[in-house]
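Each of the next two complexes has subunit A plus one more chain, namely subunit B in the first and subunit C in the second.
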Partner chain A sequence: MLLVLISGLALGALYGMTAIVYNVTYSTAKVLSFGTGHFAMVGGIIGAFLILGLHWPIWAGLLGCLLVGALFGYATELLAVRRVLVSSDQHLWVLSTLALAIMVQEAMGLWWGTDPTPFPHLFAQQRGGLLDQKYWLPIIAAALMAGGLEIFYRHTLLGKIFVAVSEDDFAARARGLDTGRVRTLSFVMAGTLGALSGFAAGQLTFADFNLGTTLSLAGFIAAALGGIGSSLGAMVGGVVMGLLTAFTSHFFGAEYQKTIAIGLLALVLVSRPQGLFGRPLMRDV
Partner chain B sequence: MIVTRLHSSALGRRSLLIAAAAAPLAMPAIRSARAASAPIKLGFVVALTGAFATNAQAINFGFQKALGEINAGGGLLGRMLEAITRDSAAEPTKAVSFTKELLFNNDVDMIGGPTNSGEVLPTLGVVTAAKKIQIISGSVDQLIDPVKYPYAFRCLNKAGQWFTVSVKYTLDGLRRRKVAIINDNSGFGVLAMQSVEHVLKAAGVTPVYRVNADIGQPDMTDEINKARDAGADVVHLWSNSTGFLARVLNARGQQNWNVPVIAIPAVLQEQVANLLTSRAYWANVYSPAYANSVLDAKGNLPPATQTFLDRYKSEVGPFMAAGIYAMLQGYNIPMIYAAGVRKAGTVDTVAVKQALESIPTIDLPYGPFHFSPTDHDGFPDDGMVMVAANSLHPNGGFEAAPAGGAG
Partner chain C sequence: MVGPAGQRRPQTIAAAAIALTVLVPPLTGNLYYVHVATVIGVYWILIATLNLLVGYTGTLSIGHIGLLAIGAYTFAILAGTVGWNSYLALLAGGVLCASIGLLLGLPSLRLPGFYFAMVTTAFGLIVSELALAEGWLTNGSVGMAAPTFPAPFASPDGFYTLVTLIGALVTWLCWNLARSMWGGRMMAVRDSRIAALSLGIPPARTKLIVFVFSGFSAGIAGGLFATSQSYITPDAFTFNLGLYFFVSIIIGGRGSIIGPFIGAVLLALIPELVGSLQKYGTFFYGAILLAVVLLIPGGFGELAARIGSGPKAGTSDATGTGPDLGRLHEAITRL
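Showing the complex of A and B:
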């Protein structure tokens, strides 16, 4: 039973990290990039390529992976978001971010191959079971990511600028803030964090070009469950999703895990549309 | 001068009139002569990208080599073969579109592929309606039906043969009867569950545990523990996903449960071994494979397989990971079609169909094929042999599985 718990927590941590990455871009641009899970996919594959393929040391592999993630985030903002936001009030970024993500996914499939490939062990470890690093690495990374973002938003100038843009874009601009640059920076940050999540969970997911779509969906559900815009909610939503998936599979059978997990999500959203930690939408009258 | 010119002019008009009158009569003969020298077109729908691309690329390699060999030998009926290849990216909708394009725009003489069962199914009706020979490369049993799809033939074993041979080895070779089945939730995984249960039931065995787990489930420890708690003494594992196979084997190894595993031939691929936390987890894993890849007592491959590998030894390297049989499977497609055309003496679909149904045996490196009016599967059960997954030799061959397993 403990293994079910730890496995569910690890999976939940990965979902939670993806949900947090959704929030990073949503906060500044009000855009939910549907290529969010693809940041993790790219992180896993680049990490495996640099460490196993080019034999870089792990720290260099991690840095390289974060750099590529940052570039991917920047490209997403530049190619799929910036012009769409300028030229349309409609939510066309749903299509543009998804299209770019699919292009990247197909490119990775052509370059890396379509079969999952191994991800390196980051630490020498003889024993598996409950202490297996494939479970603990995503959990630790998720905790660090959530904590680090809280510190960033509350205690750094740049973080406070992010919050200001998030709360009132117009007022921030009136105060002279370059909100476009903040938005770009948020996508760079999202790409970096997404790549980090893929790197941390690489042993759990393998380096797999197909991972992005699954994660984009699961992360979005976690974000919606926790309340879009809330980091705490994203993490709780992810963990709830992960545990629900693991325990549903354990008690009712793996055939029903998605049906029950998503069914429960639908129930939560019907009864509490703003999610567990989101604020209800207030409208001036 | 003028008279002469008038004279020649009169002659020209007469010639022109005669030529105009004769032209409609001559056109079929011209067309026929052109057709007789035009290449025979083979449309090939193959998932070179997308899921299962590694396998499909090896199949494509074999296909192109067979085509080259036939052309080097003078072609068929004095005509060269021309392949028109389309990458379906493992998407059924693309497979159907490309099949239609090949049939109706490129006017191909036959269709090879698609190379995944899920893609084959929606193309069968289209090719049947167009009345063309189709040599499919999908293993699901239901794809071949000589009544519904009279021009479709299979170039590999059918999945049912995997299950029959595997269950026989489970019960008679390993002497195990407490079977757990862990499949993924893809169409193949669900169908395989029904088929294995059906074969087991015929032998009076009911699985002690069965599950169609999510194909992307990152950790299979819970499923392995539940199978063990249910008292299983053997695990059947049917999934086309190398990631899924590796996760189950990793979970089994990490739980120190050395239960024998009977799995789909994909488990023999090096990609699966690369995904294992320890290569030791590949032990005590068995799979139905092909006599064409089984080593004799001296470690030699069957002569026909070795000849194929020797002929292309500078090129086969990148495709060995998918297994020799994948290359040979692709090699079958033009070769089976060529056998039918040679016997029929024409590319006419009905004649080729009847020829294929009447050839006693088509001997190929993959194995012998024998089609009949009621059987378009063709590959015999004894062409399949159980092998141990970790017995892969550098030459690409496997050792036959020991009668009692690894213990």
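Showing the complex of A and C:
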């Protein structure tokens, strides 16, 4: 039972990190990218490829994986977001990010293969069980990510610029901030953080090209549950989702994971559309 | 594509051309061509009404594949295992999918686009998950055989006729809906929710009605799909197939019926014609979707309309500062 709990927490940490990545792009661009979970998928596969395939040392593998994630984030902004935001149609970004996510997923499937492959151990370990690093790595990474972002937003100039742009894009531009560059930077950051989450949780999820869609969905549910825009909400939403997933698979079998998750989403959206920690949605009049 | 008098002629030509194309597969006598045409026809029954939802009301439903699967399984279970009349089972699948559409749409259609897209994505995934899990009902991954229709529609050619007839009926319904007040209502909801509200059009209810209608026809399409495949497994209802429905509408152009039709036919045919593309099929859908969204957000339908309407309309759109007296005059005389 303790094992179910810890695996639920680990899964929840991964979902929470994905939800945080959603927040990072949503705050500056007001875009929820369909490819948010794909950042982690790419991170996991590239990490496994560099370390197991090319026999790079772990630190180099992590660095390479983050670099690819940053590139993917940059490409997302460049291809799927920048041009679309200029147009008046507000829903086009749903389509463009979906298209890019599909292309990346299929390309990864063709290149890497469609079978999930194991991810290397990052530290030597004697035995599994409760202390298995595959559970603790994502939890630690999530805590570091949430804490680091909080420090970044509150105590660095760049972070404050991010906050300014997310609060009022127009006013930030009037103060001479290059909002376009901030948006690009936020996507690069999202890609990097997403890849990091995939790397940290690689031993839990395996390097699987199919992970992206599931994770986009689970991370979105976590973000919607916690309230989009709130880091605390993202972590809480992620942990709730993760525990729910772990316990439903334990008691009812893995087949019902998504059914339960979507039930949760429907429940939240009906009863509290702004999420647990979110600000109420404004009417767009 | 709402047809004032001036546009009716090309539409008649298009309808005649489609009617002629529909006749071709049986005439070749090649069973495989008939099969491909039948499957495209089945897809079109779903896409035609999904188009009302995606193209006209701007609601991004990616999970219609789930409704197709439910329709297919309902048909296979009721007509096959339980032994109902095929038509009754087909209708039951439609009604079931319409009710599921109602239940799904009621909470989620009030939400912003991305939320709804996510909810429908999840729905599509859930259905294939449950089809695999609930072995007592669906036979799990083994799948189940789907019955055929009685006498006049039992042969491949006959079944193709049935699909064509239903397809024509659905197209006719959609076309009527699109050019009546409803079409305007749906587009008002798509283009400006606020403006629609101020005119007394309830956006959520409008979308819900369209969603229920599209659910019904997706259920019907599912039953026909089961028969056309003669054997269904959960693998038949991949997320990629759902993507195909969606992409063919987007590339065909929103607010048009002929555009998505051409999109559906082309997207289904290209992987059939170019065998090597089959492996890259989904990648290809993604690439087309991205290219269309970035380059021609109105889809190929709009591009064709722009080319078809000649340079005059094109230039007046481009400059758009002075009054275009020629077009004004044309519009008045048309009234």
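Following the convention adopted for this analysis, the second predicted complex is superposed on the first by the 272 of 285 C-alpha atoms of A that agree within 3 Å, B and C clash if a C-alpha of one lies under 4 Å from a C-alpha of the other, contacts with A are read in each partner's own complex, and residues count from 1 in each chain.
Basically, a contact is a pair of C-beta atoms (placed from the backbone, for glycine too) under 8 Å apart; a residue touches a chain by one contact, two chains touch by 3 or more.
Remember, predicted model here, so these are calculated numbers, not experimental data.
Colleague: Assess the superposed three-chain arrangement around subunit A: do subunit B and subunit C clash, or do they fit?
Modeller: clash
Colleague: Per the contact definition in the header, classify A:118: touching subunit B only (first), subunit C only (second), both, or neither.
Modeller: It touches subunit B, and subunit C stays clear.
Colleague: For A:246, select first, second, both or neither according to whether it touches subunit B, subunit C, the two together, or no partner.
Modeller: first
Colleague: Taking the superposition on A as described, I'd like to know which of subunit B and subunit C A:258 touches: first, second, both or neither.
Modeller: both
Colleague: On the A-aligned overlay, A:224 touches which partner chain: subunit B = first, subunit C = second, or both, or neither?
Modeller: Only subunit C is touched by A:224; subunit B is not.
Colleague: Could you tell me if A:270 is touching subunit B, subunit C, both of them or neither one (first, second, both, neither)?
Modeller: In the superposition, A:270 touches subunit C alone.
Colleague: A:206 contacts which: subunit B (first), subunit C (second), both, neither?
Modeller: A:206: touches subunit B, not subunit C.
Colleague: In this superposed model, does subunit C or subunit B come into contact with more residues of subunit A?
Modeller: Touched residues of subunit A are more numerous for C.
Colleague: Per the contact definition in the header, classify A:110: touching subunit B only (first), subunit C only (second), both, or neither.
Modeller: In the superposition, A:110 contacts both subunit B and subunit C.
Colleague: Return first, second, both or neither, reflecting whether A:154 touches subunit B, subunit C, both chains, or no partner chain.
Modeller: neither
Colleague: With both complexes superposed on chain A, which partner does A:3 reach: first (subunit B), second (subunit C), both or neither?
Modeller: first
Colleague: Between subunit B and subunit C, which residues of subunit A are contacted by each of them?
Modeller: In the superposed arrangement, which is not itself an observed complex, subunit A uses residues 106, 110, 214, 253, 255, 257-258 for both subunit B and subunit C.
Colleague: With touch defined as at the start, can you tell me which subunit B residues reach subunit A in the complex?
Modeller: 49-54, 185, 211-214, 216-219, 221-223, 225-226, 242-243, 246, 254, 271, 274-275, 277
Colleague: Along subunit A, where are the residues that touch subunit C in the complex?
Modeller: Per the touch definition, subunit A meets subunit C at residues 32, 34, 79-80, 83-84, 87, 89-92, 94-96, 98-103, 106-107, 110, 213-214, 216-217, 220-221, 224, 253, 255-259, 261-262, 265-266, 269-270, 273, 284-285.
Colleague: Of all residues in subunit A, which touch subunit B in the complex?
Modeller: 3-4, 7, 10-11, 106, 109-110, 113-118, 128-129, 132, 134, 201, 204-206, 208, 210-211, 214, 246, 249-250, 253-255, 257-258
Colleague: Please output the residues of subunit C touching subunit A within their complex, sorted ascending.
Modeller: 58, 60, 62, 107-108, 111, 113-115, 117-119, 121-123, 125-126, 129-130, 132-133, 193-194, 239, 243, 250, 279-280, 282-283, 285-287, 289-290, 293-294, 297
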